[in-house]
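In the two assemblies presented below, chain A is common to both, partnered first by chain B and then by chain C.
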Partner chain A sequence: MLAIKCSNVRKTYPHFALQDVNLNLAEGTVMGFVGPNGAGKSTTLRVIMGLVHQDAGSVQVLGHSMPAAQRAAKWDIGFVSEDMRLYSHRTLGFHLEFLEQIFPKWDKPYAAELLRRFDLNPEQKLKGLSHGQRVKAALLTAFARKPRLLVFDEPTTGLDPVARKLVVDEMMRVMEDESRSILFSSHNTLDVEQISDSITFINQGEIVASQDKESFLDAWRRVRLVVDDTFTLPNCNSIVKTQRAGHQMVLTVSDYNEGFAAHLTQAGASVTDVERLTLEEIFIASVEASQAGQHAIQGEAA
Partner chain B sequence: MSDTSPTIVRELIKKDLQIMKVPSLCYWLGGIGAILLAVFFGDAAGTIAFILFVSVLFGAGVHAAMQTVTEERREQNLPFIMSLPVTISDYTVAKMSANLMLVGTIWLTLSAASYVIFIGDVMPKGTIPFLTIILVAIFLAYVIILATTVVFQGLAPAIIAVVAANLGTQAYIWWISEFHDVRSTVNGMEAVWNNTYLTVIGLQVAAVCALIAFTFYSQSKKTEFL
Partner chain C sequence: MNTQMILSQTDPRPIYVQIMDEISRRVALGDWQPGMRLPSIRELAADLKVSVITVKRAYLELERSGVIVTQQGKGSFVNQEVSVDDVRMQELARYLDNAARVAAAMGMSHDELVDALADYTNR
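What follows is the complex of A and B.
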């Protein structure tokens, strides 16, 4: 079953457009949603939350059609965005009591446990908290609702490494319950790599790749070659980037397989090294390829 | 607006009432102070009392609308509220209800209390219909400000609405005071509810209702809320 299903979603603004966004999040999984600034991550998440109405396409969240059934869906969604602030002149306790009145599933002991774990004082006004504490407070208000789906827009941005680990650990703890799902956007590919089951890259309003994490990491390689002056690179769709300095050549490959190196050797190159890429490197290469107008990745965007 | 969630709307209203509890009490006490000033110091402090009274009513409305709507957006609390199981309709019902309850209570109680100045001979009773027009006009000005803040959300439209409502109300009251039916009765010893008074008050009440309806209509057409 799918927790989120976006089909051909479009949203057009004067200077930006989401274009045919297809995004599926399976129940019980974590999806990292990665893209550069202005790529359309926040807009997509707002469409998923029903806060921005799509111009075309359909959005189903936990079986509810968005935005029409957003109230029904949001009972089971915990949403935190980077631009979300709690009431600065009120205490964290005020917010917790407010939410407790609204959510029947509000888990008070769990909220108390999170207060302790996140080192937050419920008596303190939000205006007295540091940025990291405010982010943790906002996340606490989402976690303690015990939602089936967590949607986080840049949840770890601006957090120090210790606070970031706390948040990531809590997200992993949430996933011990296999019926729960998380969709989170982030610039931090380390966090994404750590906890995601699947990864979606978005750039300039388009999904450029969407695959499970292992497929991503397995498919991408950096291939180092030594070539002579007469060497001509064979035409191959999976070569995303080529760098050459004298007789040294470096290829970034999006769909690597065993036959690829043999193919290069047959063409006259000497393969000196084949390296795996980090998620950050894959992300950058994907974006560069996308910006160059290439369909670099043949991932399952649907 | 039948498509709303009463439980959540009630909690949203309670939240806004709690946030505005202390300022509202201050405005209410200010209004009572102005009335007492007029009652006990009569002509000597009449103008000051009137200015204070009108300022309190106007200030309460501006403060409530700005704090509960404009500030909520400016301080980026709106994503938190909209993460709850609410729709734009729920939000609008909650905002309008909380504001109208809050300012309406202050306006109603202070307006009712202000008629105390007509006990005895402090003020000619012929002023009662004109005072009623002024009081309803102040409420209308408040609803203009509230509708603008809810529909446009931004600080700039809110400030424009406050300035326009303030200046517009003064000009409007001066204009009404020049009506023959008003001038001929306002200083009389008895209140005369002639057609002019009733029509003006009726139109003001209709404008209040139309603005509230317009606010709900505009909100229902929004496709983007953050």
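What follows is the complex of A and C.
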């Protein structure tokens, strides 16, 4: 069962386009959504929420067709983004009581517990809150509604490490219930790597990769070689980056398997180390490779 | 559920391997006895704050190596037939495997590696 299914979604703006976005979030799982600034993460999340209408393609969220059925769908979705509109002259407590009246599944004891955990004061007016406190308050309102789907746009940006851990902990508590799902975008690759079941990578409006985290991380390796002067590197599509210093070579590989090392050994290199990459390293290598590819194409045209 | 399992961010082993090793060590030390019921995958994921898929992978690999058994719908248990010596051997095996690989990359012969290892055991 899918909590979110986007098929061939397109949205064109004068200077930016989402191109054929396909994205599936399985129920009971967490998806981390990563990509550089301006890659289209927020636009995609807004299309999923029905806030931006796609030019083409279909979006199903909890079985509802978006944007047409957004009213029905939103009872069961908790969405938090940077530009949450709250009443700045009202207290946090006012907001919580207001939401309690609207949402039937509002969990009052849980909201009270989160106030304590997140170290928030319900007496305080929203305009007096720091950035971090406002983010925690917005997340609290989404958690306490107990929706089946949580969609967070950069939930941990601007939070100190302790607050970030509190938020990540709370997201994992949600996952104890296998009927609930989370989609979140983040620049904090450590958070994404830690709690995501699947990772979707977007660059320049296109989904570059979308797969389960274990296979995604497993596919990338850094391979260290010692080579002699006559060595030439065999042609291979999975080599994303090559660095050489004297007799040492370091390859970044995007589609690694045991056969790869054997292939290099046959070519006369000796493989000294095969290292795994962090999501951050993969992120940077992919974006650099795609930029280098573009420059190469532009260079050829010129 | 609090297993008091601590994962390390600076450890080069992937998280699923850290979880496997920690469970194996508990079994080897006798802290987790044969037949003991393990936390469910979701419980352990929530406890460790790591993704469900990572814990699932650790359990699958532990099952494959015979440390735990999973019964559909009932959960996972420490294997009744588990040999504590085997579990300890598996931990050692990984280091030996690594040593063998590095030695091969350096062009060391079998005997040279054995001699090098002997230097360490005699220290």
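Miscellaneous remarks
In the analysis below, the second predicted complex is superposed on the first by the 290 of 302 C-alpha atoms of A that agree within 3 Å, B and C clash if a C-alpha of one lies under 4 Å from a C-alpha of the other, contacts with A are read in each partner's own complex, and residues count from 1 in each chain.
Please note the rule applied: a contact is a pair of C-beta atoms (placed from the backbone, for glycine too) under 8 Å apart; a residue touches a chain by one contact, two chains touch by 3 or more.
Remember, it's a predicted structure, so these values are computed and weren't measured experimentally.
Contacts of A:Asn24 after superposition: neither chain B nor chain C is touched. Looking at the shared chain after the overlay, A:Asn188 reaches neither chain B nor chain C. In the superposed model, A:Ser286 lies in contact with neither chain B nor chain C.
Of the two partner chains placed around the shared chain by superposition, neither chain B nor chain C is touched by A:Gln60. Once chain A of one complex is fitted onto chain A of the other, the partner contacts of A:Leu51 are limited to chain B, with no touch recorded for chain C. Touch criterion met: A:Ile102 reaches chain B, while chain C stays clear of it. Residues 46, 49-53, 70-72, 74-75, 77-81, 83-90, 98, 101-102, 138, 141-142 of chain A are the ones that touch chain B when the two sit in their complex. On the chain C side of its complex with chain A, the touching residues are 9, 12, 14-16, 42-43, 45-46, 49-54, 57, 102, 105-107.
Residues of chain A touching chain C in their complex: 28-30, 165, 168-169, 172-173, 175-176, 178, 190, 194-198, 212-214, 217, 270-272, 275-276.
Put simply, chain B touches chain A in their complex at residues 5, 7-8, 11, 14-15, 19, 75-77, 79-80, 82-87, 90, 223-226.
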